[in-house]
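First chain A sits with chain B, and in the next complex the same chain sits with chain C.
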Partner chain A sequence: MGKLPDAAKRELLAALGADHVRDDPEALVAYSYDATPLVQAMPDAVVFPGSTEEVAAVLRIASRYGIPVIPRGSGTNLSAGTVPVAGGIVLVLTRLNRILEIDEENLTATVQPGVITQHLHQTVEARGLFYPPDPGSMRIATIGGNIAECAGGLRGLKYGTTKDYVLGLEAVLMSGEVIRTGGKLVKDVAGYDLTRLLVGSEGTLAVITEATLRLLPKPEHRKVMSALFDDLYGAARAVSSIIAHRIIPCTLEFMDRATVQVVEDYARVGLPTDIAAFLLIEQDGPEAVVERDLQRIAAICEACGAREVRVAATEEEGEALRTARRAALSALARLRPTTILEDATVPRAQIAPMVERITQIAKKYDLLICTFGHAGDGNLHPTCPTDARDPDEIARVEQAFEEIFAAAIELGGTITGEHGVGAVKAPYLEWKVGAAGLEVLKGIKRAFDPQGLLNPGKIFPPDGRKRKVIHRVPHVHA
Partner chain B sequence: MGKLPDAAKRELLAALGADHVRDDPEALVAYSYDATPLVQAMPDAVVFPGSTEEVAAVLRIASRYGIPVIPRGSGTNLSAGTVPVAGGIVLVLTRLNRILEIDEENLTATVQPGVITQHLHQTVEARGLFYPPDPGSMRIATIGGNIAECAGGLRGLKYGTTKDYVLGLEAVLMSGEVIRTGGKLVKDVAGYDLTRLLVGSEGTLAVITEATLRLLPKPEHRKVMSALFDDLYGAARAVSSIIAHRIIPCTLEFMDRATVQVVEDYARVGLPTDIAAFLLIEQDGPEAVVERDLQRIAAICEACGAREVRVAATEEEGEALRTARRAALSALARLRPTTILEDATVPRAQIAPMVERITQIAKKYDLLICTFGHAGDGNLHPTCPTDARDPDEIARVEQAFEEIFAAAIELGGTITGEHGVGAVKAPYLEWKVGAAGLEVLKGIKRAFDPQGLLNPGKIFPPDGRKRKVIHRVPHVHA
Partner chain C sequence: MATSLETKEEPSLEARTARLWKHLQEALDADELENCMRCGFCQPACPTFQETGYEAASPRGRIALMKAVKDGFLVPDEAFRSQLDLCLGCRACEPACPSGVRYGRLLEQAREALAAHAPTPWPIRLARKVVFAGVFPHPRRLQRLGRLLRFYQTSGLQRVVRKSGLLRLLPAHLRDMEAVLPVPSPRGVVETIGTRIPAKGAPVATVGLFRGCVMDVLYTETNVNLARLLSEAGFEVIIPPEQTCCGALHAHTGDTALARQLARRNIAAFRRAGVDFVVLAAGGCGAMLQEYAHLLPDDEGARWMGERVRDASQLLASCGRPLPLGRVEATVTYQDSCHLRNVMGVHREVRQLLSSIPGVTFRELPEADRCCGSAGVYNLTQPEMAGRILERKMGHVARLSPDLVATGNPGCLLQMQLGLHRAGLDGAVRAMHWVDVVAEALDAAPR
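On to the complex of A and B.
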């Protein structure tokens, strides 16, 4: 894409006003990247609509002039999903930031896409209600972004992910037409499930302008424990055994040896650095059930050879244990200039083999790859501290992650559990969905967006680049 | 459609063998209808594939000759979803009836589509596991049909519906290509969510040949209670108040006055026939939690003016209470030759206004319409005992249900909560999804099945018949 046509710019200004249409270099640079390392591309304009009607006006103008549109919230995406790789208009939805309704009879929240996830958490929890999805970015990420990516989080094992909480959507098609899907309904089978199809569609099918979310009663009580293992397979056996005992904790988090060492070095939480695996386990629910479950889990961990099991006696002690897990990414991020966080995911029972494969691959390519993540749902975050300025090392990083994705698929898993395909994993999508599946996905894309203007360059591999590593070097064409 | 081309028949025989391809009149009549009253149409052939490969072979042959294919399980459909309204080949999946695996580590069951739902329930419950969807037809319906229709049931309020339990699918496209979606994964965001798109797609997009289902631990305990109300709004207030007290029972069932009278007349369970509403409430979970919740619910029902509240003291007493609700459809079905069971659905808070509207509409058209259903999730079953041989009355029934669907939409609801659109509700789909939404649905259909051969005449209104009542008189062209 070159610069925005003058006529298109005039129309955008007329529709949104001068304050909400920008193409100055500062704005273009500010919206040329998201939280994904190594990927950057300049948009031609950045617009900030204040209503569904203004979103529709932008899409109509863009359709008429054939300009790509990249919907975006806070830009916490980790797969370059909101980077304007083909130029065009970045459509920033952060002005649409109102919680429109909390319906305590139907247990729903109706929100605009720019609401910050944590703000929604706090608002509903103050009323004794609960919105479970808790992606790591929840303090800054928006609900719209969570929906577009089908964000997961720590509570996925027990509570599922964003897709399990979206009951209805208002969305604008690239034509400017507004559709409404679902509603305040637990049961609705009128036509194909467009609600679920739009969840996780990464801004490539329609722009979400309103969402009706399902709420639960807030759990009465919660409590956390940790277990330290000398043996990776002991920890994996404990995870499997907890589930086999028919206990579903609300979180079941894992850190491998490399991660524990980095975390302890950074946060000094008192973890022995010679352990092979750290498990953080939390249960919520009625107090008696929580206490009983944690006692059972402690016994299971001990039977699986845990060196130490500690149930938090107080909420403060619980927070200290949670801090160790939460510190993982920050601790890793300070090691080297660039941190690449991935989310290869396997069936729960394949966690130990997968962590071993990651360790072998890291050794093969002479890299530090620390693995932590959501053991309960098999969603691992192999993370590589590296340096974008070292092209040789980056090439090895790309090779290593390609092998990690292949290993995940081989073990019955997927290339992305919660971060999305975006631009970064598009070359690998066919590994997961197959050639026939990919053609079906392309057909769906055409049904919504025949011109291919909504968030181009995402999900689908660029032609002729299948199964090849995408070139992730910064690209700024300002 | 006329008779099957000879060449197509020869190819089907070569692919499946003579035992599994039938076009004798007995077979054609047997597969000319499902559980939907008033709709019948003859197929040209009935085939019984024994493997995914045989399903693919049938679809390839049908594609080549342009013959419609109607996938079908036990035929318990209530929206004429499995009636071959455009002729063609009925593809019966009941030979694919194996439970392939119960994976206790990943908490999944992998099954073929012809498995009977209750058989799956019994098999997993014997291992302390739990598959929540429990449609009324579960004793004879198949999992494949449940998935195709996104079947609901009594436990939807607490546990959701079929869509919440399908993790992965194997499906055959009309081209004969086999796709695999999802897997044993709680988190998977690689591409659009084809799994969820196929759930509830009513056999119009692909033929499901295998499903991986999510299981839960079996609840430790369950207990049931009933509450009788002199006032419909008192019962509705109790439903809302239970939820507002942050209690989610596993079932919260409702019968209106007309239903109670018919049930008592039939089953003699000791219900007073002058009450306005009957609630059946069940909770499951740890025993202490169940006891506490039922005590709280009893107090709430009394505060909302219940005439009588009874908590089952024994499992036998509980079964007697459940019998009253379960008897509803059988009791209604014996009144008149034809029973039309519908499933207009509203947000939970709109149940009382909806039941009042149904009562008014029944009066206006001089019909008996009894309403019972799943109050907790707003999924009502207004049911009309009538007589297919009385064209005047049937015309009034059609008018009445058209007004009922319109009322449901007006109250923020939907035309179908769990029975599907099928042929019967296709004329009303646009009311729910809008013109732009309908175009998107058609685009999705084309992406999967460009020739329009998979289960034609379902979901989409026939051209020029929008918003008109479909002609539901038996149509046999043998």
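On to the complex of A and C.
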């Protein structure tokens, strides 16, 4: 880390103008973090390009001077994916925020990366269309960030995640060359699928400057229900059984006992605090289908030993049930100063054993770890309310999460379902992909970015280190 | 923290900055800073972030800057000061925050420290001393000033001045302000209707009316109407004459010491009056009164006051007798007062009252929950950003084209009048305090 070379700064200023190149302490601090706890590092400069050409110019300049570039949207990711851990230029893409086209014949939307996901939702829904991915951060997260991290959300079970909706991309390579992948075609097998490769590449391969997204007709109707279980395995059986009965709800959310207790304590939504698991289930589609599915799901939950099943009779009642699940983050966030929300994923059938493992691990390290998440797709969010200022506890937290990731792998799962590897889970990637797999990934990285300048320190493990490193913030001199 | 107006023995910039840095590090609440989990959920709610798209101009960014100062790796330089100055203090970020970070407190802590070490230009210091300390806390001086303004507006002097082109010496935002300032009433609410207004019918409760300082001079009629509405709804209204300015402007600009003094005077005045509720129709003052307990943590009276403060809409909508309202044929919309909504948590009640008027079509203003840019003295200190925010607001108003825009705070009302004037809508759309709208309906009722 150092200061930007004077010549590089002059060239950036010439390319973008003085308003859109910053290297003053205020800007450097403001772009030194994302939503990931414990990680912060100062960039050397922050730039705000306004077009694909300007993005290309920045990458050409950075290539010439060997400066790392970290593409960034709103900075809401939870894997330190946008923290400039090796310094360099933070490339903020939020000025590229236009919805370029909504094609109602081909059912596509073409957007710039800085479009806020919720804004896209509102725009297409006003036309009776539907863009399903709905990450928890969607009211501020950008589409570009969603694509880079392959964000999921509450509707993943039925509708899949971001990767299932990206049809084509425009992206700038580190060399400054612009490529186009895919398009509006449903069927397209010409060569390797670079679109799929770039989705979830966490800004390490190319900078996405435009995306063509697949849209669906908006579901006519939706309705929710909740089910309370005294037994974790009963809840897990209900989840598997619903799918086995060929019903795919759009949302199938889960909260464990610890989460329910915290939520009830905070939000007073009327949940009994002695239950083992809470399920929130939502179905969308034609009204008759929704009603029939929810009735059948209620019967399945009862057969699996649910203590109470409640189908929302009115929209207000439905909202109250949704609130219970939505309050989880706030409830946990208010418990202690630091909230570490993780992202271990297991096959659906392994949810109960996984939650039990997490509970045991929490006990072993004397921590509170509450687990909630998307039961339908096995994507769990073990969450630890802690305090970054307590180094002993933080060390235990890190050990606990390491064991949790190991347990997820052991049960046939993965270290991240929707948050990305970023900097914080790079040490564990090899557990998932294997040594040979890691070499293939590295080869792909070299093909796109031979100098290794795009978002360095992300995805790939730092040499010789298997443990997460907390990056302390260095001193800035006035 | 009154700073001396003389500039003798001015310490060097480095020394001043070092002292400010130390002060900030002591003043900023470490727990509150640590509570921010940087999720960014505050950002869609923040007007300055929405206008700039710049991380540092968001609550998350400002907290990061404060934390960097606290942690010792960011010098609290001029950029830091101006970034905090750019914050409206609307606190829309607080209800949006999952972690419940009390951003307003952090902002106040930072602003108090900045004010104490301010190399503020002497005209601004002088103005603060004269206006904030010399006028607001003194109702009679404020009234005299109001009469002066009234004389200027009604004697023909205003016409002469406007013709002379003298106003061109003023910056544009002050010129606009001159154009929309209402004609002050020659007498305040107490001089107009006395200190005790009995309830109509059997009294429901006794309420102490907080008249406000600027509100009582510029919008006396609103206070008079407020007392009428309360009395009509069954409240006995007492207006303790010893009450003073709430101190919000002082606290928000860093003069916490004077804010505390004013708080103590108000607490004493209302406790002596022995009222069930302290009621007002000014969101900014209401939030301040409610937070006296934070300003005076060990003061039992501050807690007493905090528990009893109600916005008038809360009392009229829930515990008073229903008002006999006549027809007002109008399409009405409503601009929230930030502090009323974000701090006092009142937003349904005013809408309910307005919608309950026969003949009124209530239509929700898009982004009504977003600050109008008035924000205390923000529209004077940050005219550019305030102007951008107001322009966006007026865009929404123009598209909705209501007959009138109601507000719940005098500052917002003045700002709406300013916005309508700038947008060339002052003939087409009226801006009114909701109290006056409801009072109009009361007058329209057949007797």
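What we mean here is this: the second predicted complex is superposed on the first by the 465 of 478 C-alpha atoms of A that agree within 3 Å, B and C clash if a C-alpha of one lies under 4 Å from a C-alpha of the other, contacts with A are read in each partner's own complex, and residues count from 1 in each chain.
The rule is simple: a contact is a pair of C-beta atoms (placed from the backbone, for glycine too) under 8 Å apart; a residue touches a chain by one contact, two chains touch by 3 or more.
A quick note: this is a predicted structure, and the numbers were derived from the prediction, not measured.
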With the two complexes superposed on chain A, say which partner A:289 touches: chain B (first), chain C (second), both, or neither.
-> first
Scan A:25 for contacts with chain B and chain C and give back first, second, both or neither.
-> second
Should A:240 be classified as contacting the first partner (chain B), the second (chain C), both, or neither?
-> first
Could you tell me if A:59 is touching chain B, chain C, both of them or neither one (first, second, both, neither)?
-> neither
Of the two partner chains, chain B (first) and chain C (second), which one does A:128 touch, if any: first, second, both, or neither?
-> first
Residue contacts on chain A - larger count, chain B or chain C | B
Would you sort A:188 into first (chain B), second (chain C), both or neither based on which partner it touches?
-> first
Dual-contact residues of chain A, meaning touching chain B and chain C, are none
In their shared complex, chain A is touched by residues of chain B numbered 103-107, 128-129, 149-150, 152, 156-157, 160-161, 163-164, 173, 175, 177-181, 183-194, 196-197, 199-201, 205, 216-218, 240, 243-244, 246-248, 286, 288-289, 292, 345-349, 374, 376-379, 412-421, 425, 429, 432-434, 436-438, 440-444, 446-448, 459
Contact set on chain C toward chain A in their complex = 31, 34-35, 37-41, 43-44, 53-56, 61, 64-65, 68, 71-75, 77, 79-80, 83, 98-100
For chain A, which residues are in contact with chain C within the complex?
-> 24-27, 29-37, 48, 74-76, 92, 94-95, 97, 116, 118, 137, 139-141, 329-330, 333-334, 337-339, 387-389, 473-476, 478
